[in-house]
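Two complexes come next, and they have one chain in common, chain A, joined by chain B in the first and chain C in the second.
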Partner chain A sequence: MRLAIKLAIRNLIGAGLRTWLNVIVLSFSFVVIIWIKGVMAGWDHQAKKDMSDFEIGSGQYWHSGYDPYDPFSLLDNHAPVPEGFRAGVAEGSIEPELIVQGTLYPGGRLQSVIIRGIDPDQKILKIPTGKLDAATDAIPAVIGSIMAKNLKASAGDRIMLRWRDAHGTFDATDIVIEGIFSSNVPSAEAGQIYIPLERLRKMMSMPGEATLFTFSSSFSPETAPEGWVLRTRKELTSSIDEMIKMKSTGQSILYGVLLLLAMLAIFDTQVLSIFRRQKEIGTYIALGYTRHQVVGLFTVEGTMYAVLAAILSAAYGLPFLTWQARAGWSIPIDTSEFGIAMAKTLYPVYSAGLVVTTVLAVMIVTAVVSYWPSRRIAKMSPTDALRGKLQ
Partner chain B sequence: MKRLLYLILLAAYPGPPCFPQPDPAEILKKVENNISSENRVFESTMIIHGARTSRTMTSRTYSVGDKQAFTEYLSPARDLGTKMLKLNNQLWIYSPSSDRTIEISGNMLRQSVMGSDLSYEDMMDDRKLTEIYNSRLTGTETVDNRKVYVLELTANVPDVAYYSRKIWVDAERFVPLKEELFAKSGQLLKRMTMSDVKYIDGRWFPESAIYKDILKQGGGTEFRITVIKFNQKIPDYIFSKAALKQ
Partner chain C sequence: MENGLVIETKKLVKKFPVGKGEFIALNGIDLKIGKGEFAGLIGPSGSGKTTLLNIIGSLDMPSSGEAVVLDRPVSTLSSREAASLRKESIGFIFQSYNLLAVHTVFENVEFPLLLLNYNSADRRKMVNDALSWVGLSDKTRSKPPQLSGGECQRVAIARAMVKKPSLVLADEPTANLDAANSHNILTTMETLNRELGTTFLFATHDEKVISYLKRKIFLVDGRIDRDEVKQNQNGEK
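So, the complex of A and B:
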């Protein structure tokens, strides 16, 4: 094996430019695959963190009838704070939210919104709810940047809000935008306004009621009380997993094209080597090599392209990937309308597992592609090969 | 002595003549007598004035009291054949394009009717105003050169859409000429203006009305009755779900 590697290196270096072209193409594949996979891992990490920070905390308890995709059912699905949550609510490890439907009239336009009542003193979510503790004749409200863009509103603006209370009676008054936050989580921003919980309970004639509870990492989730359903962080972020999985499947086509180009070059080189080096093959067999050992020699030689490519990738890829991890990749289009948690700048995250599996996968594919044309050697007649007769 | 006599006379003077104020509940009852009927058949045009464009649709409606109503849309071509049936507190809509009948219930009743300023719920609430509101006569005004009584209505039951209303009622013909609907906070939400009051089959009836959602842009929804007949013979099958698909 050691001899085979020694011979392979000598032959590869001897081949000159042809070897380096193969190695450069393959190294490019290495870097691009690791970078894209890193971006995906970074997106996954950032999206889940942002969701936890701005929407779901460490998990939630939902009212059993709560369906975030059916705003018409919101008025029917709320209940008083269960006895088991009262201590957690008092110490701030679990926060109630009351969610109802309303209509905003920015400049005479009509826009349906979800009104979320939240405690101004809550510490679980990074929404600037402290700004809701404002002295104003209107209802103090905090909105996300996506919502502000849709409403064409800025801090200090007053907008008419209309809603219906628990009995279905219309009520309307102004809200004043006390703060605008940016979260990268469209579901926490688009079509949502945040107002003080107690104010909303009073507006709706729903004292002590909640639609869901968000808990912090210090809260130990137990079996949900009757009428409530526990939603773990894993369940609540499953949409991100599905999105990443779908994107990764799409990107594997790109990996396939990159690898195909590299493998085509290696395959061609191997076929040419076997054709041009028949005398050498005959000599090996005359010296006592079995046919399979010669096949192994050529396979190792082919696989060495991947090894050299990995070394070359490390030379220019490491600085590039490190710089990307720090500077991030800014998406050249507006992602706020995508409806998925996605920052404008994604910071790739590379794990040892990601790098090792990518390198191993490329090496295995290269070995297979190198072995494939080398099988012809096993069918060669050694005497004809020694004479240099074309076979 | 002369001064004392003057004071006694002044104390005994009953003041200017005091005419009895009409009872607001009585006014509302007279209004209901004009507006409600045992049954009626009418054709109407609804013009929805949006922020940029207007849409016009025509329909024919059969109704019996406040409990049963059947409406068939006659134009535009897009809405031709769409039918609505109201039986007590239930409402169904038949769409010819999908050949399906859908029951409008629960929160769906709060949606707008064919994109107008009216909600299904506005159409569906058949309770008499005197049953769900306390009324108060606040004075008289002039609307369209006619003397009107101004009534303020405040809800006396919790489940009403509009907590208070203000109605301007023609003092001679007992027809509402204007109505404003308010939120609990006192914010004006909708305004209705009635006109073209005609004497038809022994009653005064406004043939045109404009409904305007005050908070929304646009010119509101105009409703014009082109033909109306009271106390007609309406076959019972009209008020059945089977009639929707015919």
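So, the complex of A and C:
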């Protein structure tokens, strides 16, 4: 094997330009695959972090009847803060949220919204709830930038809000936009308004009640109290994994094509090389190789392209990939329209596993592609090979 | 070698399929070559010289009959056994040199020793010895494309001789060389034959080669036509 590698390296270096073309194409696929996969992993990581920061903290307890996809059920699914959470709520490691449905009337239009009552002093989410502490006759509210765009509203605007309280009575008053935040988390922004929790409880005649609780990393989740369900961060972010998986399929096609090109180049080189080097093959056999050993020699030689490519990739890919990880990749289009959790700048994350599996997978594919045409050698007659007269 | 024979062929026949029929390239060759001989197969083009050499070198199989080389019947060898016979005991010299172009002179000559797993100190010594036999000690770092034809053939001889094989098979070794180079190479091989006792079997129709041979085996149409042993001063074969 060591001899085969030594021979392969000499032959490849001797072959010159063709070798380097193959190596460059292959190393390009290496870097692109690792980069794209890194971007996807970075996106996944970022999206989960944003979701934690703006929506779910380290996890949540939901009222057992709470269904975020059924706004009409909100009025029936809320309950007083359970005994077990009181201490946590007092120290701020777990925050109650009351969630109801309402309707906004921006500029004479009508838009139904989810009203989230949240403690202005909470520190778990990065939503600027501090701004809800404003002294105003109207209801202070903060909204996300997606919502602001939809409402064509800016800070200081007043909009009429109508809601139905616990007794089924309709009421209406103005909200005033005290703050607008940007989160990259569509579900925390689109159709959501945040107002002070106590204010909402009063409006709804639901004193001391909550729909869900969001807890911080300092809170150690235990079995949920009667009537409440624990939703872990993993569960709540699983939709992101699914989204990334879906997006990744498209990318796989891109690097599949890249890899295919590299493999075609290597396959072509192997076929040509076996044809042109018949005399050399015959010589190896005359010197004491079996034909199968020569097949092995050519397979190793082909596989060396992947090894050289990995080395070359490390030379220019490492600086590029580290720079990308630090500077991030700015998406050249406006992503807020996508309705998916995506930051403007993605910071690729490369795991050792990602690099190792990519290099290994490419190496195995290269070995197979090198072996395939080399099998012909095993069927050659040594005397014909020596004469170099095979077709 | 039980009977002192390096090569013994018995009723050796080689047929090649040609179109629907077959062509008989060797037609019942009975030949004995002893240790230390300096013999040549002589005959016109197409007489079967290369074919016979290939079978003796275990690169090809007889159609019938047998070729026993160093006590091993070629037709019974597996490809692995044939490879190790060539690796250990046979050196080949080809008309077109067949050097590995991307390797240096040193590496070309070293190659058979790598296959035999010699350590690097032994390899260096043996390669340097072999290169000094052929007078190429100053070209170890050159690559074959930089050498003249005569130099290439001398590298090929060094490669064939470096492992001190029992048998060297040389197929038209001078066909691409001028007279001066031919004589130079033949003298080298003659010396190696004398000093190391290596058996040489040539295939040739070159007069220069023929004049050096101690035994001339004339082939015509796949048959041995004449077998002449040159008598030297000592009267031995």
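FYI, the second predicted complex is superposed on the first by the 390 of 391 C-alpha atoms of A that agree within 3 Å, B and C clash if a C-alpha of one lies under 4 Å from a C-alpha of the other, contacts with A are read in each partner's own complex, and residues count from 1 in each chain.
Here is the rule we go by: a contact is a pair of C-beta atoms (placed from the backbone, for glycine too) under 8 Å apart; a residue touches a chain by one contact, two chains touch by 3 or more.
Everything numeric here is computed off the predicted structure, so don't read it as measured data.
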Joint occupancy of chain A by chain B and chain C, clash or fit: fit
First, second, both or neither for A:Thr169, with chain B first and chain C second: first
Chain B versus chain C as contact partner of A:Pro332, first or second or both or neither: neither
Chain B versus chain C as contact partner of A:Gly353, first or second or both or neither: neither
First (chain B), second (chain C), both or neither touched by A:Thr383: second
Contacts of A:Gly156 with chain B and chain C, given as first, second, both or neither: neither
Contacts of A:Phe72 with chain B and chain C, given as first, second, both or neither: first
Contacts of A:Ala15 with chain B and chain C, given as first, second, both or neither: second
Geometry of the superposed three-chain model: angle at chain A (Cα centres of chain B and chain C, steps of 10 degrees): 150
Touched partner set for A:Ala286, first chain B, second chain C, both or neither: second
Chain B versus chain C as contact partner of A:Gly250, first or second or both or neither: neither
Minimal inter-chain CA distance - chain C and chain B, angstrom: 78
Touching both chain B and chain C, residues of chain A: none
Chain C contact footprint on chain A (complex, rising order): 3, 10-11, 13-15, 279-280, 282-283, 285-293, 381-383, 386
Residue ranges of chain B in contact with chain A within the complex: 51, 106-108, 110, 155, 158-163, 181, 183-185, 187, 189, 215-218
Parts of chain A lying in touch with chain B, wherever the complex brings them together: 72-73, 75, 105, 107-110, 160, 162, 164-165, 167-173
Chain C residues within the chain A interface of the complex: 54, 57, 59-60, 79-80, 83-84, 86-88, 92, 94, 96, 98, 100-103, 107, 111-112, 114-116, 159
